[in-house]
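Two complexes follow with chain A in common, the first pairing it with chain B and the second with chain C.
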Partner chain A sequence: MIPFIELALNGIVSGLVIGLAALSITLVFGVARFPNAATGDVMSLGAFAALAGASASGTLLIGGVFGIAVAAFVSLACYFLVFQKLSSRPPVASLLASIGVAFVIRAVMGVVFGHQQKVFDLPLARPWRVLDIRFHPTDLKISLAALATLVAVFLILHATPIGRRMRAVADDPSLARVSGISPRRIMVALWLLSGAVAGIAGILVGIKTVVTPEMGWDLLLPAFAAAIFGGIGHPVGAVVAGVILGIVQEVATPFVGFTYKIALSFAVLLAVLLIRPKGLFGTVAGAR
Partner chain B sequence: MKALTVENLRGGYSEVDILNGVALQLGIAEILVVAGTNGAGKSTLAKAVAGLLPRVSGKVSLGETDITRLPAERRARAGLGYVPQVANVFPSLTIVENLAVVEGVADRAARTEAMLTMFPALAERRKSRAGSLSGGERQQLAFARALMTEPPVVVLDEPTAALSPALVGESFERIARLAKSGTSVLLIEQRARQALAIAHRGMILDGGKVAMEGPAQDLLADDRAARLYLGQ
Partner chain C sequence: MEAYLVAIAIVAAIYVLLALGLNLQYGLTGIINFGHVGFFCVGAYTAALLAEKGWPPLLSFSAAAALAMLAAWPMGLISLKLREDYFAIVSLGFSEVVRLVVTSEKWLTSGVQGITGIPKLFGGLATGLPNSLAVLAVLVAVNLLAIAAMRRIVTSPFGRTIEAIRDNEEAVKALGKDPAAFKIQVLMLGAALAGVAGAFYAHYIGYISPDQFIPLVTFQIWMAIIMGGVGRISGALAGTFILMLFLEGSRFLRDIMPFISEVEMASVRLGVVGLALVLFTLYRPTGLMGDFTRK
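And now, the complex of A and B:
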């Protein structure tokens, strides 16, 4: 029983990080109306930039802030250079373009940072033991950082004027415009926010595992699955679904093996699309 | 000076023109009803004035300011209120949030309270999501949202379309009060007779062109208008 509890705890940590990536995807989908396949590579870029920042400054905190800033500004640059120009085209054009953007970011990361695995230089810590259940202090910090990010995003969306306007644009872009809301300002805020969230997710994945140019792309499918499972365009749903998916993946590992746990994301994705296309929390309007 | 002037407005959603040279003048504190059969171009005219029609030519002036080239959000901030026929509230936002998101409001808190005082039914449910409101309450919220900036001109696209018959009269009374308070109203309406009864002037669109126009009472008394467009 204890190994399963440990796996479930590990799943919660992984799920929170998947939830962050799903949150980034669902934010963009809710407002810009397309699934951004470059999210994973913005995650990886955030992790690499954080590594470089931490190495240059000697502190993870400064490195982390640098990584988040780089991810946010690259995300915004992608909007201005690519997605803004495609905004009047069907969403599939932006989706396909985002796959191209993902390849470009990954290729640049490969050239600049190389393809070897890199790790954050963190002090070694012994796992805690409570009732024979082991839990690593780093996992607790990752969970707290992920939760703090989620709370911050929800506060931005619900307690700030720009967040409320972002939700208004997500509800009805035309009505938002005739209410005087400038789409350009909303898009700038959206892409900065979604990039920052992806950057944080990438840094946390990098701290938990290793940093490679492919790490974000590998997490894209679970993140998409969580975004759809939670109800596309629904931030709370994305996070809850991410945690559920994380727990299911980890608890299933003894049965299906590490290599095949990713297949569970496919299974969840297919099941949700077949049985409940609007997801856990989504509405018919939200799934448009 | 006119509150709103439209000159030779042409345009549509794709290659085909739905508006074929519409012109109108809306006086200050005046209600101008735009009537016509389905497909005449009434809602398209409202969208073109609000800045939401993808392809348009001609000229739209708000007061003496040419707003033809302004996007919808800048027209709204310049003082043009618009209430669409459907999808006229943000369903996932609360009533207060629907009002708070409007840009171009000088004193947001005071104006929000003023709107909630004007529409007491909304004040009682200020924390409710707009998606949970009844058709009548939605219509009130849509009005309140459009009036947040105290616009000199309001374009109302079929404001009574989703209302029960009991609420239609109330809606027309509200529009009449709005004009008496100094706001100019361009009222697109299918219930043409009731709308003309509270209006100063009327206009009938047919095939994207102005077929008839004149004082509201004259249109109501006109046999041809009654026979072809208004119903008996």
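And now, the complex of A and C:
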């Protein structure tokens, strides 16, 4: 029993991180209406920038802030350079371009940072034992950081004027425009926010495992699966689905093996599309 | 020199098969298949494993096409009724899962080490250049056959329906046709072409391993058909030609500039493919010679 509780706890931690990535995808999807495949590589970029910032400044905190800022800025730059110009075309154009953007970001990271695995320089900590259940202090910090991010994002979405406008645009773009909401400012805020969330997700993955140029792309499939599972365009759904997916992945690892972890999120994705294509909280119109 | 040109021509012909399949799916029907390499991989492994067991090429190639189609069927059934970008995600996931399976199931595929010593086609009849020329001749014949079939499809009622699906799915539904059924057929046809391409690839290269079947391959084909012109057979040919120039050119660049490491060059290739996708979608969505609105 105890190994399973440990796995489930571990699953919650990685699920929160998947949830953050899915949140970033679902935010963009809700307003800009396409699945942004560059999210994964913005994550990796955030982690690399945080590493560079941390080694330059000596503290993880400043490094982390730098990483988040770089991810948010690059995300906004992608919008101005690419996605804004494609907003009047079918979503296919943006989706295809986002793959291209992802490749370009990853290529730059590969040349600049190399392909060696890098790790965050963290003090070693002894895991806690409560009732024989081991739990790592780092995992607690990662979970707290993820939760704090989620609270911040939901506060922005629900308690600030810009968040309210963002939700209005997601709900009905033409109605929002008629009501005098400027789409441009919403888009700037949206891409900054989704980039920052992706950056945080990347940094947290980097702290939990290792940093490589491919890490974000490898997480893209679980993140997409969680975004669809939660109901595409639905922020709460993305997080809930991310946590469920994380727990399922970890608890199933002893049965299916480590390499099939990613395949598991594919299986979940297919099951969702088969049984409930609108996801946990989505609307039917969103899926068809 | 001749040997080199023939070698490039063979690889190009394999890519043309892949591009024709994707062109049928995306160019004519509007299916966003991001998992083309998955079907290519299924075909390559099927042919390699059956060749090991001593199956004659005609049977093993048919099996490669059939298995690739079989892999496409449930995927299409589940996701082609839904939003088109859902299928893009599912197909991308599919190709990654195929790669995971061939990496993990060591008893069948010998994992990351890959399968070596796959016999050359017509290896018993000729060796060296004559052998390569024979392979090339067969490949060209298969390509011509595929092109002829494609032209038949375009002018048939089936072709008109799938193009109507691409242009306006709702209108097709209103006419009482089921777009999903047509899309599944098209997906399977394209997958079969990719499977055959995979079988040729396995036999020609003689060695296959999971890292030859990364998503980058899929998007190289996408780059080819977008550059050449979506929805046109001449576009698939022209695009593949550009792709081969680029791939071979980047190899020569390495010879001239040895200070660039192979890993860095891989990154550069990735970046160029990405940049091409972005720039062509932005500024030249109809490709160098194609026009989406006209046939």
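Here, the second predicted complex is superposed on the first by the 284 of 288 C-alpha atoms of A that agree within 3 Å, B and C clash if a C-alpha of one lies under 4 Å from a C-alpha of the other, contacts with A are read in each partner's own complex, and residues count from 1 in each chain.
One rule holds for everything that comes next: a contact is a pair of C-beta atoms (placed from the backbone, for glycine too) under 8 Å apart; a residue touches a chain by one contact, two chains touch by 3 or more.
Remember, predicted model here, so these are calculated numbers, not experimental data.
Put simply, more of the residues of chain A are touched by C, taking chain B and chain C as the two choices. In the superposition on chain A, contact is made by A:103 with chain C only, not with chain B.
In the superposition on chain A, A:221 makes contact with chain C only, not with chain B.
Of the two partner chains, chain B is the only one that A:165 touches; chain C does not reach it. Contacts of A:175 after superposition on the shared chain: chain B is touched, whereas chain C is not. In the overlay built on the shared chain, the residue A:183 is in contact with chain B alone; chain C does not reach it.
In the superposition on chain A, the residues of chain A contacted by chain B and by chain C do not overlap at all.
Residues of chain C touching chain A in their complex: 30, 32, 34, 78-79, 81-86, 88-90, 92-94, 96-97, 100-101, 103-104, 216, 219, 222, 226, 263-264, 266-268, 270-279, 281-282, 285.
For chain A in complex with chain C, the residues that touch the partner chain are 34-35, 37, 82, 85-86, 89, 91-93, 95-97, 99-108, 110-111, 114-115, 213, 221, 224-225, 228, 257, 259-260, 262-263, 265-266, 269-270, 273-274, 277, 286-288. If you check the complex, the residues on chain A that touch chain B are 161, 164-165, 167-168, 170-172, 174-183, 285. The part of chain B that touches chain A in the complex is made up of residues 50-52, 71-77, 82, 84, 87-93, 97-98, 100-104, 145, 148-149.
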